[in-house]
Amino acid sequence: MEFTAGQIAALAEGVVEGDESVKINTFAKIEEGRQGAISFLANPKYTPYIYETLSSAVLVSRDFVAEKPVKATLIRVDDPYATVARLLAMVDQLMNPPRRGVEQPCFIAEGVEVPDDVYIGAFAYIGAGAKIGSGAQIYPQAYVGDGVSVGDGTIIYAGAKIYRGCRIGKRCIIHSGAVIGADGFGFAPTDHGYEKIPQTGNVDIADDVEIGANTTIDRAMMGSTRICRGVKLDNLIQIAHNCEVGADTVMAAQGGVAGSTKLGERCMVGGQVGLAGHIHIGDEVHIGAQSGINKDVAAGSRLFGYPATDVVSYGRQALAIRKLPTLYKRVDEIERLIKDNK
Amino acid sequence: MEFTAGQIAALAEGVVEGDESVKINTFAKIEEGRQGAISFLANPKYTPYIYETLSSAVLVSRDFVAEKPVKATLIRVDDPYATVARLLAMVDQLMNPPRRGVEQPCFIAEGVEVPDDVYIGAFAYIGAGAKIGSGAQIYPQAYVGDGVSVGDGTIIYAGAKIYRGCRIGKRCIIHSGAVIGADGFGFAPTDHGYEKIPQTGNVDIADDVEIGANTTIDRAMMGSTRICRGVKLDNLIQIAHNCEVGADTVMAAQGGVAGSTKLGERCMVGGQVGLAGHIHIGDEVHIGAQSGINKDVAAGSRLFGYPATDVVSYGRQALAIRKLPTLYKRVDEIERLIKDNK
Amino acid sequence: MEFTAGQIAALAEGVVEGDESVKINTFAKIEEGRQGAISFLANPKYTPYIYETLSSAVLVSRDFVAEKPVKATLIRVDDPYATVARLLAMVDQLMNPPRRGVEQPCFIAEGVEVPDDVYIGAFAYIGAGAKIGSGAQIYPQAYVGDGVSVGDGTIIYAGAKIYRGCRIGKRCIIHSGAVIGADGFGFAPTDHGYEKIPQTGNVDIADDVEIGANTTIDRAMMGSTRICRGVKLDNLIQIAHNCEVGADTVMAAQGGVAGSTKLGERCMVGGQVGLAGHIHIGDEVHIGAQSGINKDVAAGSRLFGYPATDVVSYGRQALAIRKLPTLYKRVDEIERLIKDNK
């Protein structure tokens, strides 16, 4: 596959600056540019690379002003990142068309209906009473427990595990190693150790959700642990039993949400954040990486730190701590003055 | 299955208040109540819901005093949470009876004895010299390495991996994605990079232990990494080589214990906690979420923070930090006064 | 297998002190010593155990001075830890010789060449266009996606998953549950939620790398996420898309590296550390456990804390915080004096 810069510009409704006949056959990051590649410049941190990149073309914003000569052909567009995303999607669809067919050996319980247009990989397991939507792709070694329903167009990658009775919506992506519906962590203390509290609920994942590799979402004690429409969870995240994650909320890797906590819609949660149990986070809350949250948070808040405070207070506190040695010196000096004065 | 509130009260040795003939056929959380459901009220945070719940019956403690009219039938018991746990266990046993039988294809090495009453799922792998206890349930795609022993009544969920030579006790539950017995992280620096130190020990898990989804427990360099009787580990926990976790200790999700550290009995460790290597935590120590512990801890301690201190000091420090901006102002004022006084 | 202390000393170029005819048939930690075992003393923290150990022999450094009588036979060597590592390696090679042969059923796509000397376990999946190096060991239930290349002598343990198009070098070890090449976490916000940005790159792992259990390394958006020669990653680590981890760098469990960050060579990163995206960490940087790093770090730095500072500043700050209650008392006293003086 090969395009000219001019062809790509036409596709992207962009304006070419430089040689529009230059040939493009791959993508490259701007700092790793090479001949035949197209790159993009969105984060200003990478601007210096545009003067050195070996890439043949670079997508830039319409208002980009070069401060030195640029060798690459520029294609000016409204949003370089969105444009490259769209181009990548086109290539991806060509290179990785949906898989179809049933590889053998796989295990499909009696009575399960398998639509014609699905993919079921070798060593996948489909339990009794499971429902597989049209166009679903279930990769090798995936486990779809008894009574699980998998929506139309959903992809379950190799080795992901869905325990009995859970529901996965349409157009979801569940990455390898994700475990959906393991028992919530519930035990009652007794005189002779802990007694397990059966977790009789399930996990209910709505449409257009993506679940990262090795992320775990526990089934509810009763009712459902809910992941709402459009949620994106990165890798190695823990969602405990009976939580609810609101629509279009995104969480970066290694975050953890303790039991029965509810997150609002359109929240952004940084990496390695911890949320205590039984709290409520409002809509559109942003939480900085590695923060810890142990109480309710109002909609629209911007939180950071441990224990988390709003971003302004956090900055003030951090500065106050950094200046502490100076404060000690000032108090030493005051005490010296007072002593001398007596 | 359907019961009346009166029948459930009889089962639970409780006292009915309201319509004892109301029909119950499911469980629901009190805030998600619906007709035909029974709920429970244990955490006072949820008390307001009892006046609005649509559930047909609610388990409450004997001394609960309603401040407004309650529509649901109340069943007064000694411990609502324990009662609901017992009811859930009864239902769970009816709904999810133990699995039996050997699904094909699975891989069972020559010479392994398979008791009549076990479940071995499709694509499970049982290595040479493995021992499978009576009533064990080994789900699809689980891996039981060479020489592993699995105790009576133990459940190994889909895709859990047990490396060679490890021992799992009786009545354990190992959730999907857990990895038991991967190599401990041991390397010796050399002039040309790190040299691997073979990890020749194993992991030894005693009876009645539950291991969460995607939790990892590394094999010992020599000897055993030990998980003692009754331990409950949540999801995504890391236990390094040669650690020991004492009986009836519970750890919440995403905690990590570095090499050779010993945890006492009946400890409670919060989520995302980190314990350094080669330290000793006494019995009945409680450690708050996200804390970091880097030295020995006496039995019975209550720790919090990073670096962790006892709960009282932690609270004092946190308050002192929050008040810092005020302290700076006070010192500014003092300096101004002294300057004016000169 | 049984050796005398004298034979082991000869092998290790050590000097025997005590009964050189004592029989050794196993290893034990010094604090768990038993008859017939050899132990070692490297960490001075364990010195007290040498006077009590039941082990028959102990490897000690040449300059170890006993302060009390020692019952065990001592073998004095230059580096007891390195010696025991070498002895363990010898035993390990005898006890766990490389596996060979192809177990059935497994899935090997048409056209894949399978060298004679490899191991492919039951239920392993080898996708179309994959390349399997000489002497590779691919354990049961492992997934090697389309077009993946696995270098000579590499071990992929049970259930590890390698997505399409990734490259694994020679003599690597990939532990169970590791996921190599899942999609990077990239989404573009739109009016109707997030749109997925296809991740069209791969993961490129060089030679002599070890990847821990349940660690996840995401494929690049374009280009490669790179793990350089000799890197050792512990369990449950997250490496985001387009990162680069430099040669011989080691990371302890549960650390996370956000997108496009580059780590230098020979760095040591403690457990549960978080690195922000798009930053650059120089060579030979050491980062203490649970630290958070959000900006570039110069080569050779020693960092600690959250937000991380150099170790000296961190110690100074921590002390300043611990002394805060005293500082408040001092300022109270000053204010009292000034008030009395007025």
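Letters A, B and C mark the chains as written, and numbering starts fresh at 1 in each.
Operating definition for what follows: a residue touches a chain if its C-beta (ideal position, glycine included) is under 8 Å from a C-beta of that chain, and two chains touch if they have at least 3 such contacts.
Note that the structure is a prediction, hence the values are computed from the model and not measured.
Novice: Taking all residue numbers at the subunit A to subunit C contact, is the shared part over half or under half, that is, same or different?
Specialist: Shared-number fraction below one half, so different.
Novice: On C-alpha atoms alone, could you tell me the rotation angle mapping subunit B onto subunit C? Nearest 5 degrees is fine.
Specialist: 120
Novice: Report the inter-centroid distance (CA atoms only) between subunit A and subunit C in whole Å.
Specialist: Centres of subunit A and subunit C (C-alpha means) sit 25 Å apart.
Novice: Out of subunit A, which residues touch more than one other chain, so two or more?
Specialist: If we look for residues of subunit A contacting two or more partner chains, we find 105, 123, 141, 159, 177, 214, 236, 254, 272, 306, 321, 324, 327, 331, 334, 338.
Novice: So in the complex, the part of subunit A that touches subunit C is made up of which residues?
Specialist: Those in contact with subunit C are residues 27-29, 32, 43, 45, 81-82, 85, 88-89, 91-92, 95-96, 103, 105, 121-123, 139-141, 157-159, 173, 175-177, 208, 210, 212-214, 229-230, 232, 234-236, 247-248, 250, 252-254, 271-272, 289-290, 306, 318, 321-322, 324-325, 327-328, 331, 334-335, 338.
Novice: Spell out the part of subunit C that touches subunit A in their complex, as residue ranges.
Specialist: Residue list for subunit C touching subunit A: 105, 107, 123, 125, 141, 143, 145, 159, 161, 163-164, 177, 179, 182-183, 185-188, 193-198, 200, 214, 216, 218, 221-223, 236, 238, 240, 242, 254, 256, 258, 272, 274, 276, 278, 292, 294, 306-307, 316-317, 320-321, 323-324, 327, 330-331, 334, 337-338.
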